[in-house]
Amino acid sequence: MTIIEMFEQSGVLTLLGMGVVFGFLIILVLFMDLVAKIIHALGWDKDAQEGQSVQSGSVTAATGNSAVVAAIGAAVNEYRKTDK
Amino acid sequence: MTIIEMFEQSGVLTLLGMGVVFGFLIILVLFMDLVAKIIHALGWDKDAQEGQSVQSGSVTAATGNSAVVAAIGAAVNEYRKTDK
Amino acid sequence: MTIIEMFEQSGVLTLLGMGVVFGFLIILVLFMDLVAKIIHALGWDKDAQEGQSVQSGSVTAATGNSAVVAAIGAAVNEYRKTDK
Amino acid sequence: MLNMNKNPKRVTLIVLAMITVAFVFSFMGTVLAQTTDTTVPAQGYASGINPDGIIKGSENIPRISIASFAKNILETTGIYAFFVDAKVKATPAGETITVFGWQELLMIIVGFVIIYLGAAKGFEPLLLIPIGFGTVFVNIPFGGMGDAPHGFLNIIYEAGVGNEFFPLIIFMGIGALTDFGPLIANPKTALLGAAAQFGVFGTLFGITAFNFIPGFNFNMKEACSVAIIGGADGPTTIYIAAKLAPHLLATVAVAAYSYMALVPVIQPPIMRALTTPAERKIKMKQLRHVSKVEKMLFPLSVFVLSILLIPSASPLIGCLMFGNFIREIGVVERLSKTMQNELLNIVSIFLSLGVGSQMTPEKFLNPASLSIVFMGLLAFAIATASGIIVAKIMNLFLKEKINPLIASAGVSAVPMAARVSNKVGLEEDPSNFLIMHAMGPNVAGVIGTAIAAGVMIAVYGG
Amino acid sequence: MLNMNKNPKRVTLIVLAMITVAFVFSFMGTVLAQTTDTTVPAQGYASGINPDGIIKGSENIPRISIASFAKNILETTGIYAFFVDAKVKATPAGETITVFGWQELLMIIVGFVIIYLGAAKGFEPLLLIPIGFGTVFVNIPFGGMGDAPHGFLNIIYEAGVGNEFFPLIIFMGIGALTDFGPLIANPKTALLGAAAQFGVFGTLFGITAFNFIPGFNFNMKEACSVAIIGGADGPTTIYIAAKLAPHLLATVAVAAYSYMALVPVIQPPIMRALTTPAERKIKMKQLRHVSKVEKMLFPLSVFVLSILLIPSASPLIGCLMFGNFIREIGVVERLSKTMQNELLNIVSIFLSLGVGSQMTPEKFLNPASLSIVFMGLLAFAIATASGIIVAKIMNLFLKEKINPLIASAGVSAVPMAARVSNKVGLEEDPSNFLIMHAMGPNVAGVIGTAIAAGVMIAVYGG
Amino acid sequence: MLNMNKNPKRVTLIVLAMITVAFVFSFMGTVLAQTTDTTVPAQGYASGINPDGIIKGSENIPRISIASFAKNILETTGIYAFFVDAKVKATPAGETITVFGWQELLMIIVGFVIIYLGAAKGFEPLLLIPIGFGTVFVNIPFGGMGDAPHGFLNIIYEAGVGNEFFPLIIFMGIGALTDFGPLIANPKTALLGAAAQFGVFGTLFGITAFNFIPGFNFNMKEACSVAIIGGADGPTTIYIAAKLAPHLLATVAVAAYSYMALVPVIQPPIMRALTTPAERKIKMKQLRHVSKVEKMLFPLSVFVLSILLIPSASPLIGCLMFGNFIREIGVVERLSKTMQNELLNIVSIFLSLGVGSQMTPEKFLNPASLSIVFMGLLAFAIATASGIIVAKIMNLFLKEKINPLIASAGVSAVPMAARVSNKVGLEEDPSNFLIMHAMGPNVAGVIGTAIAAGVMIAVYGG
């Protein structure tokens, strides 16, 4: 293979490789849309609809408790070290 | 080996295999009884006799604190995630 | 190799092996002194100078909280067991 | 030094500069190397001064055109392969067989069904999900994940599934997780764990009977590998299959784990059919407390007895009791935790993937697989029934009656079977908690199955 | 028994006594053994009655004198070796090459530079520190840590680096750590992850161009192994290199991880150059919440599509999605934690040490390494730019505009690249948090790179 | 889908139906396969229409009768084997030797004694318990756990005990657990760690002297493997034994760990004999605080010096310092925790089992084992004494006197030896806490022993 041929081969691989990558991800996007619609139609996404407030609540809690979390983490760490 | 012979072989294996299984476990039962008696005679089982009340106490505590345990578990989990 | 020769060989190995061990560790000691001086000159050891009081404080805290640590440890353990 | 984070650009420049210096040095080496060349092609090697030369090392690289690429990509899709593929493979018996693309597809579907079973709550998900993924992985056309020597699943299988390694590690972990206290407190329940082994041996007859159907050819080694499913013990099943009939390993393992998951479905009808309401209401005396010393001596005792009496069962019993001793001795908490958690989890993932990797068309799609599924069910039913019957026989002689519901737990499937005993008991009398009593036969069943496995190995060779 | 701790001396005595008894027994065995001797030397064997005899088994032991010892110890110092050593080794291409001591020293310095880069905050320390140590280890003269078959690093490399094992385990761990929620909530951002793969394929031209320079000879397989660096995915890079060009493995892996660490340096100038302030201020609608069922089905969907369409990418995609399914299914928390933590950490340490172990003079000190460093930089730049350009093109058609800053995250380098998008966005509008939006292209980039890798394997063989 | 849990029976039916469908398909494949048969026996193959045929594949299955089964089961009991067995094995030296059943029994008893020593509080239980179980496992007659290639212990041994792998992983873990702060704060205590290596080299003379006794034949390589026990460093001992005298591996490893456990028994009398009460009361100045930067640079410094000066010790030193650097650098907490916990624990279990697996009659029951036990004791005594003597010599020159009690900690056995120093010090002056001062020589002893090991490898080949 000469250098010119290799440029050519790179071109072919780029063209078609990007085609496959985009092709796959486009199919994936379409499939995901379909799955989302089916799930919504079947009502299986209720946890998400209800969960919205709950989840944001828990996030706040988690953030608010970060000091506690850190303290517990440290304690657990300490505990582990003593444990050895 | 014909099928009839294999039935015969299965019979022999069942008879004697079950004999060995029962034999082993009966010997184990007898041995455990012996060990328990020796341990009792030597007084090495005091922790069990005393422990009875203590242990039930700790079980209650553990159950009563299950919310706390879950909370700590979640916190530790959270901590682990942040930690990465 | 006769036994006498092996005594001789052991002698040579001891003499020179101990020389290497001491040599290495003496060089290490000198090197560490040098490193410590350079670090001190560059002021990179400030955390240690300041840390002194902080660290002893945290140690006390850790010791004082050992019951809490043990409790949390037990809780985490309990949590792990339930988790399975 | 600590300023580095503030000047990432400068750091980048310095690094690139250093690399350039390395380059200068490096050229020396390669210039030397260049002189030791072999045969140069007629066109010479490609470079700026000889752009028509051949690029060194490019001789064997395939050339692609848009058409050939499109064809190649198309022919390497799974869809194409499932319709068109046909590979010649060897069955475990050494016969050549043609594996078609649709068979691979079928196995992939089987894999997803296993994942589905596992992902549903309570169906041994820790094992069935990775087994299912392993099944899918190995059957992906052009995936090569099961190929020797460098395929992902082949590496895992060779490392520990096709030999004693992973099953015995799992047994160590199970030992470290198991509390033998209920068995020590009421040793006679061990006999119920022994009785359940009728499920193992009785199934031998059913498997022998299958030989009447043309196309089925089970010899005794294979029959043993299938019958052990009745022991409801995953690692023991894999251990025996690896020794006596490796080609059935995946099928018997999947059957064993599936039925262990189905214990709540299989057992209750049998339990109700074989017991009277009065028997199901029998209350048992609360278990005595077991001292720490007894718990420490128990694993050693079982281990020593197995060495003296049936050493071919000792690898299984020994590893189980090693784990349990580590658990009970208390001074090696580090090792106990590791065996129960990280080591057990890691090896579980690998063992399950490795088991799944054996689910290939040439090994699975044959009459034997179907019969294994039915025989596994039979084995569980016999094991359940014989435990209950032995309990009823024992009650003829015992003053303190045993509730026969706890006897079904003798199949092992720890702790699922004990929970089933408890549940069926509660149906009859909501104040009668049998779970702790059922744990005795439950853990004895593990020992009993290991002994049965030891007998098989002693007879048919390890 | 429990008194033992109180009487350690007595215990010691007892143990010594027991050992002495064992000794008495043991002699019997050896006395028997002694009779089965072969040829006795003329002097006889040494003992108290024959002190001039030869010590049995000492025939081949070298003798040392003070002078020879001193010389030997001196000649086995690293300092001496760095100045004097010259070993004949084989390059990956099969040519013989002389590796000099100073080249080993140079590689050790490179190793310490890698450690330095890693140890500085934020430079992929989890990977670069062990890679650096691996590099140092393998180049220690007389260390033998990379030697087959018993060297530490050789064992690690053979176990999982030179095959599919460790990279796929890492992918399982990454899957278990990744939340695909942002991608599921806004699937069209997947196209930005696809666009970034121009960084992979575009780099092929640059590498081809390097062939004009004498001394550079990249064939297509090698070019692919280098170009994949643009995917910013360590395990994929290693996976492809192990399949297509094992001799470049260490260099491309180190380049990939180094540039992943340098993302905050490389990307922002390109991002600012290609976007207008107005574009950088685009606010995106908050992401919808994604249901648990969708999160559970997503990994299975991607996996199934990859099997059907491009199965050569399925090992990578499949392991990633296996890990993610384990994460999202919820019932196997044990396995999920293990994959995310212990297994991932252990395999990371080994994979990194194993990668480092390939950084030897004969593999690294050649022109290819330098070009790989420059091509890696090019690949990252192209990937960043093409993502942004595709986002701008998409904005021509979309009603809800995409902030093109999130497109740079398509290179993967999770989650570093998404953080960079967020940071550059905040510079323009301190109230505009882009991080969650950027996570979509970010995780899509991982999938996109795996597909690109699948194409390469499909074309050039696995 | 989510209804599945509510209808387990229906699910079971569906699954069985699916399997039946698979069966229909599967028969096609096997019917095809049936055609490619080889030679059919005269009776034909068994089936319902030919019940007298031979079951395919059953030709080589042994037949059992009640009598033969009973005989077989009896002859495969451990009790029988211990009395009757006699196998011809090869010693490490290549001589054939007859191993009797009672010797296996003796080794099993030795295994349980090791377990007993380990299970007692404070006797290195993390190592001795698994070593003991490994010893028992490998000597179980008909267990086959040590057999190549598929035995459990053989797999473990080949994976990492017979090569550099496990010992170096352990060293990484030890490095990650060790705080070198006390040594950095008072570097001159490193000399006490050097002095203790007299215990290693001095023991060479004792081992040489054993050659006067007929039946003992230690060459220099074997002598070095035994002498290194004096270093009180398990992994280093195993590392050296694997390189210089693999047949002694188990014996020296068990001796090393046993004496490390017995340090509180061996050292105090020697310490009291060699010091005056005044010396034992010497108070040492509180250690200065050591900065984070110093702690980070220390492992790199030691590593670099070892590369430059004694690279044959670099694998040991390097892995120790790799672990320590990971610990001190702070940014890779994930790796540090993994090295200290899961990885260390898992490898400890395997290394210990693997060491135990070498405790077979043909390797252990010979005069060498006894002498190793006595020489190990001698080595510990010399190491303790020489540390103290050097401390006293140093005190002649130092203004700030060293308490010679801390010098005994130079044997390593971290942190046991340092605790012993502290305890003996407190006996003399209850307000004089020496533990932190003793940690300096203690960790220096690990480095010193690694250097001594490097010397041995440099001289006698790796």
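Just so it is clear, A, B, C, D, E and F label the chains in written order, and each chain counts residues from 1 on its own.
Convention: contacts are C-beta pairs under 8 Å (C-beta built on N, C-alpha and C of every residue); 3 or more make two chains touch, one makes a residue touch a chain.
Worth saying up front: this structure is predicted, and the values here are computed from it rather than measured.
In a homomeric contact, the two copies may use the same or different surfaces; for chain E and chain F, under half of the interface residue numbers are shared, pointing to different surfaces. Ranked by how far their CA centres sit from the centre of chain E, the chains are topped by B.
Of the two chain pairs considered here, B-D and C-E, the higher C-beta contact count falls to B-D. Note on chain placement: the centre of chain D and the centre of chain E lie 29 Å apart, centres being C-alpha means. Note on chain placement: the centre of chain C and the centre of chain D lie 42 Å apart, centres being C-alpha means. Those residues of chain D in touch with two or more other chains are numbered 46, 51, 55, 58, 61, 64, 69, 73, 121, 211-212, 219-220, 309-310, 334, 341-342, 455, 459. Residue positions of chain B touching 2 or more other chains, listed in rising order: 1, 3, 6, 9, 13, 16, 20, 44, 72, 76, 83-84.
Against chain E, the residues of chain C that register as touching in their complex are 1-6, 9, 12-13, 15-16, 20, 83-84.
The part of chain F that touches chain B in the complex is made up of residues 43, 46, 51-55, 58-59, 61, 63-66, 69-70, 73, 333-334. Residues of chain D touching chain B in their complex: 184, 187-188, 190-191, 193-194, 197-198, 200-202, 204-205, 208, 211-212, 219-220, 223-224, 288-294, 297-298, 301-302, 305-306, 309-310, 444, 447-448, 451-452, 454-456, 459.
Chain F meets chain E in the complex at residues 91, 93, 95-99, 103, 106, 110, 113, 117, 120-122, 160, 162-165, 168, 211-222, 258, 262, 264-265, 296, 300, 303, 307-312, 314-315, 318-319, 322, 325-326, 329, 331-332, 334-335, 337-339, 342-343, 361, 364-367, 369-370, 373, 455, 458-462.
Listed in rising order, the residues of chain B touching chain D in the complex are 1, 3, 6-7, 9-11, 13-14, 16-18, 20-29, 31-33, 35-36, 39, 44-49, 51-52, 55.
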